[in-house]
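Below, chain A partners chain B and then partners chain C, in two separate complexes.
And then the complex of A and B:
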């Protein structure tokens, strides 16, 4: 339905502004897209006031604007600072300081009063004093995310423990956290419902035991990768409200430990024991036997097969919605049992499973008609027959992964295009049977948003043009090593797929500057991988830099013909760039310095083997960006040629250097 | 009060029309009044605020809704119902708000929201809704700058 806004001259009483505030708020809340809200804000003062009042969530990238924004939005409930690279204790202190008495602007501390959720992921500059200030200033704090703050440890945990109302806490990869810190949190935040401690390698059974004794309301606990033993499972089994348990890749957990879970955790709905080397079918029998209402079972890459005894128990899992048993050997009996008893399945993961046959799949999908996600990566025996069966039975299919299933041809894709019209994601990497005809059929799935066609050497510009005409919602497209794709295909793509955000053109060596000019028309593009495009020059790169204003991630390794003009353009236009790979490019010293110095959001750079630069040039470039760069990859011999001073500065600022 | 299955509602323009009770109760306002008061006359008096056109529209809206049309037909009909110009939309908005009919309010709000989404830029929004730009140039510039640097 085409909406044509009519232009009428209004009597002032019928103006939309005469609507009351709550009605305007209702309208505003319907505008979910950020671009619409930005327009709304600019219309007039009243609309901006509505925007300020209603805004509950703020995610900030530029730290300079933070004080202004926090002053404008008094009713914030959630604040996301994970994209601010320079947030540290000093900044926090500034934000929380009250403006002097008698001044006109409101005191800055206001914004913290109602704040419920705080995301400080990767805020490596922050320390315990900053955290203490925040927890004291935000009395309503319920959810905190400090994941990937690798330097965080027990002192930071102590700061967090003063947030008494805390319900959710994410401390993934807080590497210095030990049992002492965990104990402080357990005692201080007794209302905790959700806790994630992935990769906090210093945690032991002692810490987990105290946690389970103090935080009895825990519903979600993730201890993946930790070196905890079966004793922890004994403690965890006492958590009466636990619904989700993450034990991925826990090396010391085994079948004996899972025995505790059989009689414990009565509310358990989701369990993840993927990659646990000590777990086998016997261990899972305990889990399944004790929890017939299990909703999600993740046992990828740990089971060698589904034993008969386990299958027998699985007959009771009538409510199972998700099962992932990647890497296991699957028998015909397995398919029979699952299809007879687990008809509520919505997601099935059989990636790299042995024994997946057409017959088995057909049996499975005819029973599990509500299937939305199906992963058959590397199930090489699958042919068009299975795909047709899937398409015909599972009309609600949203995601299909069939990487390396190279017997699939356009016949299977025709069936998908006819029946699975809700399909959003499909992975056809390395499916050499996919051709232009197949893409024509597939393009009927107009909801497609993620399409992976890496290594599909039989597709050409013609196939891509079908996608460009019909799949207008595409966000992500992978054309890795699709050597048949050239400039004409990119033209078709840029005409239709305006929402494209992520594109991989690596090794599509027919692409030239003309093709990149079309790429420059994709205004939403943020992630571009274009390795080894030997025909492109500075002209092409400039077109991309100028046009793709949201570009954040660029990988142009081995694009050896690109000259400085392209890099100058990058330095000037690509203000949103956060990660760049310039390895093996012919960038000069000056251009390198401009790129590293000018792009203030750049956090990661790969600069291996720059044929046109010198050691001095690299040193200068590193100095220009040392304040904010977080990760850099350099040519190994430079380790002894760069001054120790620059290496020390980088190290002191927390920058990680890798040598290649 | 409601002597039969139909209730008579009088609008501001003094027109009386009959509406089925179940439909009249969709309006929270009428529902509250009819449960609070026993006199039909009283109910009519309070309804005088509502001009005739609006009342008829709402009555129609609910008649159709309650006829249990199939989903597709209903959404088609709804889109036609709301395909009116700004003035009428405004009327519907005020009426739905006054009479407190949740479903109608949702429909109108969505329609206005769709209008805003369809507008290419701020100027078009202002023209569509007849709003004057009351920002100082500096203020507007500040907001535009904030818009471009933040992913809020």
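And then the complex of A and C:
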């Protein structure tokens, strides 16, 4: 798709230019991947103009470019600032007063007029005055995400509540938010349809009650982890349009509360009561009895046993698509009942369930042929027989998790590779029966994008080469403690899996600088974990730093042989680095200062047991990065050696220090 | 102390004395009069006890306690039964009443005949006579109506009574004072009389004595009133009184605002409560010390329990005014007073703590002062609440109101928005209504305590919502 315009331009430049603007816009809109769009706008000025005119969504990684970008894209509807947590009130006021088509023109802040969606996740610096300016400047705002804004409290909620058109709001982990702030939101944004309040620990029944009375259009409500009681469920039951209800790990909710849900919430489709200590199977019976059209039931870790009474009620759930009963005891006959009645099941979660046998699984999959996701983590008695049955019946399987199922061998994987060609994700962590042959079979699943092979000590470079040559779409690969993997395997990988974004090489002792050089070819790599690679030196790290431009998360704990040259390269090239773990590395004071000072996106650093650096060096490094660092882990005795001044500065900037 | 035990104790004391029974009895009674005693039975069981003593005292001296108890109990129970039997529908009394009514109607008929006949004969008569005649007729008619209603009423309550326990039936004896059932009233008065006589020995009693001497009496009444209250509430629960089914009274402004409502006819001194007036009256002569004079006057007039009285506010245009389209009557005089002061009068009482809140009813001020300064839950309209749930209830009720965040006005104001401030101006009225609601609650609870002493009308406290609080709600958009 992306080559087309290029090809055209080579053949006759007139053809491209003769395409009218609306046709170009259509072509542009067909480009799905961000990288393709990037190529498109790099073709010529005209194409770039099309890009800037039609672009609706913008995710900014560096706040420095925000003013220019906002000026360029006048049709922006969605702005994601979650990657630049440095945004604060001053920046917002600057953006609204200075950014426009021409400075001092009346359309200053014009970019905000059409904005419908705003992601401000982790923007801890943004307080009520900034939020107030933003909500006033964006009259069309429909969706706001302020999750993990630790400073978000009642006053911020009050500022946000002036966005009267708000339909979606995510306030996860807004720890300062109380009932008062929620009341502000509930009264101000009465059109709310989707609200998430996870971990807003100050919220009580009063707030939820008011919310349910004021925002009657709510379709999605998540109150997970809150200390709300059955009273809240009583209020929630009055929401006529509610479809999704998240009650995960609400310790004070019990079966009595679920009785209210039985009689209320007529539109309920999805309910999550996992990890609710007070909920038992009788509570679930109430829910199931009241809602025959339930699509998703998530009851992980709250049932000790899938009782016959509950099973009897579940017979009526003909539309059920997803069920998760992690941690429950389950008998073979219950599988029979489920498969006979819940024919539209798409996902089953049986993680850590006791009593899952080959026979049970065979009965289950005999009727549930539409199954796409199956989680059998820690079902130790599963063998190839069950895997074969799954593969044979569920041809559209997309995700299979069989972590710690030790008895699975290449035979099972052979069946999977033969029938489940749509498989995208498989977790084989700690399945020591997996070997090179098994990987060969598995590599037939060419759609595979996520492969977890941690602790599979029986695989070698040969097995990895099958993956590298066939599974070209892989973007996540976990090779944790695969000690049989060496540089050759990585070579094969780097040749095929160009889309790899996340790679775990920790404790793969055989990997050397040559292997890292291959890793450096993976341009998309953003997440690299390479703990305790004792063979690698600065040369290898330099190769990675130079090659992997998108590297954002690097964990190189215990890579003791890496010298300063590697860290210099890191400081110079890895401008996108966001998290780094340098614990037990031999980094010198100078290199540490360079790394911490030069990496302008760095937010989190773990700096424990740095053998070659001094207290002064750490202090200098902290001073160099104190403006942007959000979280730092330091050696505990340093608490008394570092100057109190720097600690105060870090604290004032909202940086969290963990002492180890 | 248990009644039985007490009786036995007394009997044992008698043994060494061996004195004449009558003497002893008076002594005995005084002991029982002890105002702190909470046993209501004491006075009522007296008559049978007396009788018992007189007849079989010598015998009882020889008998052991247990054996005495039996006749005692029987006696008292018999008496109770008797009383309740009388209370139960008594056909003969009813017949008496009816025949009396018949007579009266005939008399009235005769009178009207006479008037007609005279009219025909003499034409040039002065109007004064005609007016007098009319008055005579209306007076007679009203008395007939009252009689009729009371007769019917006795039937009604006796039906209820069969369902209630013996104790409450005792209590009800007081309710139907002299008029309908003279026999039972007699009984009661017998019991009550000596007490009052004892109390009235003090010529000009101060308030405290007034209360104590009345105490036993009031306790009796208390039961009665509780019972009445229940009845009233029962009736109120389904209260959608159709217009015309109740009597509307409208007091004048001056009457409502008068500090005293009860005046001594002799010296003109004013009182807030009629009980106090009655106590005062005792000082004017022995004729005011009779049980009849000391009994609650409302009792006698309220022998027609089925007439429902409702009150109208004299303020034209008020929803509580009888001419209003959606007229909602006030239930009691107290309601009228409080409503009129709260709604149509200046708020002259200012809270000394906050210097902002004003009240027209002093009780409202007092209750406010109790909580003033404790209110930390603030609404955007300026109303404060002492409890978070009250604030949230308020916000649920009123559209657009939000909780105000303390100090947010100070900090936000420079930035240019203060929705709190704009709201404030518009909704001072809410202040009023919400306060009223809270006050009325407090008042009603305090009323319960006063109730025993206050007159019956005041006892039905304005607990009901329609009297004050939510009435205002509709008026403010």
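Quick note on the criterion: the second predicted complex is superposed on the first by the 632 of 660 C-alpha atoms of A that agree within 3 Å, B and C clash if a C-alpha of one lies under 4 Å from a C-alpha of the other, contacts with A are read in each partner's own complex, and residues count from 1 in each chain.
Just so it is clear, a contact is a pair of C-beta atoms (placed from the backbone, for glycine too) under 8 Å apart; a residue touches a chain by one contact, two chains touch by 3 or more.
Since we're looking at a predicted model, the values are computed, not measured.
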Which holds for A:129: it touches chain B only (first), chain C only (second), both, or neither? second
Check the residue A:240 against both partner chains and state whether it touches chain B (first), chain C (second), both, or neither. neither
Under the stated touch criterion, which partner chain does A:309 make contact with: chain B (first), chain C (second), both, or neither? neither
First (chain B), second (chain C), both or neither touched by A:155: second
Greater residue coverage of chain A in the superposed arrangement, chain B or chain C: B
So in the superposed three-chain picture, is A:94 touching just chain B, just chain C, both, or none of them (first/second/both/neither)? neither
Using the superposition on chain A as set up above, list the residues of chain A that contact both chain B and chain C. none
Show me the residue ranges of chain C that touch chain A in the complex, using the header's touch definition. 388-389, 392, 395-396, 400-403, 405, 408, 411-412, 415, 417, 419
Under the touch definition given earlier, write down the residues of chain B that touch chain A in their complex. 79, 85-87, 90-91, 93-94, 97, 105, 109-110, 112-119, 121-122, 124-135, 140, 143-144, 146-147, 149-152
Residue numbers on chain A that touch chain B, as the complex places them: 1, 3, 5-10, 14-20, 23, 26-27, 30-31, 33-34, 36-45, 47-48, 55, 57-62, 65, 68-69, 83
Under the definition above, what is the set of chain A residues touching chain C in their complex? 128-129, 132, 154-155, 158, 161-162, 179-181, 183-184, 187-188, 206-207, 209-210, 213-214
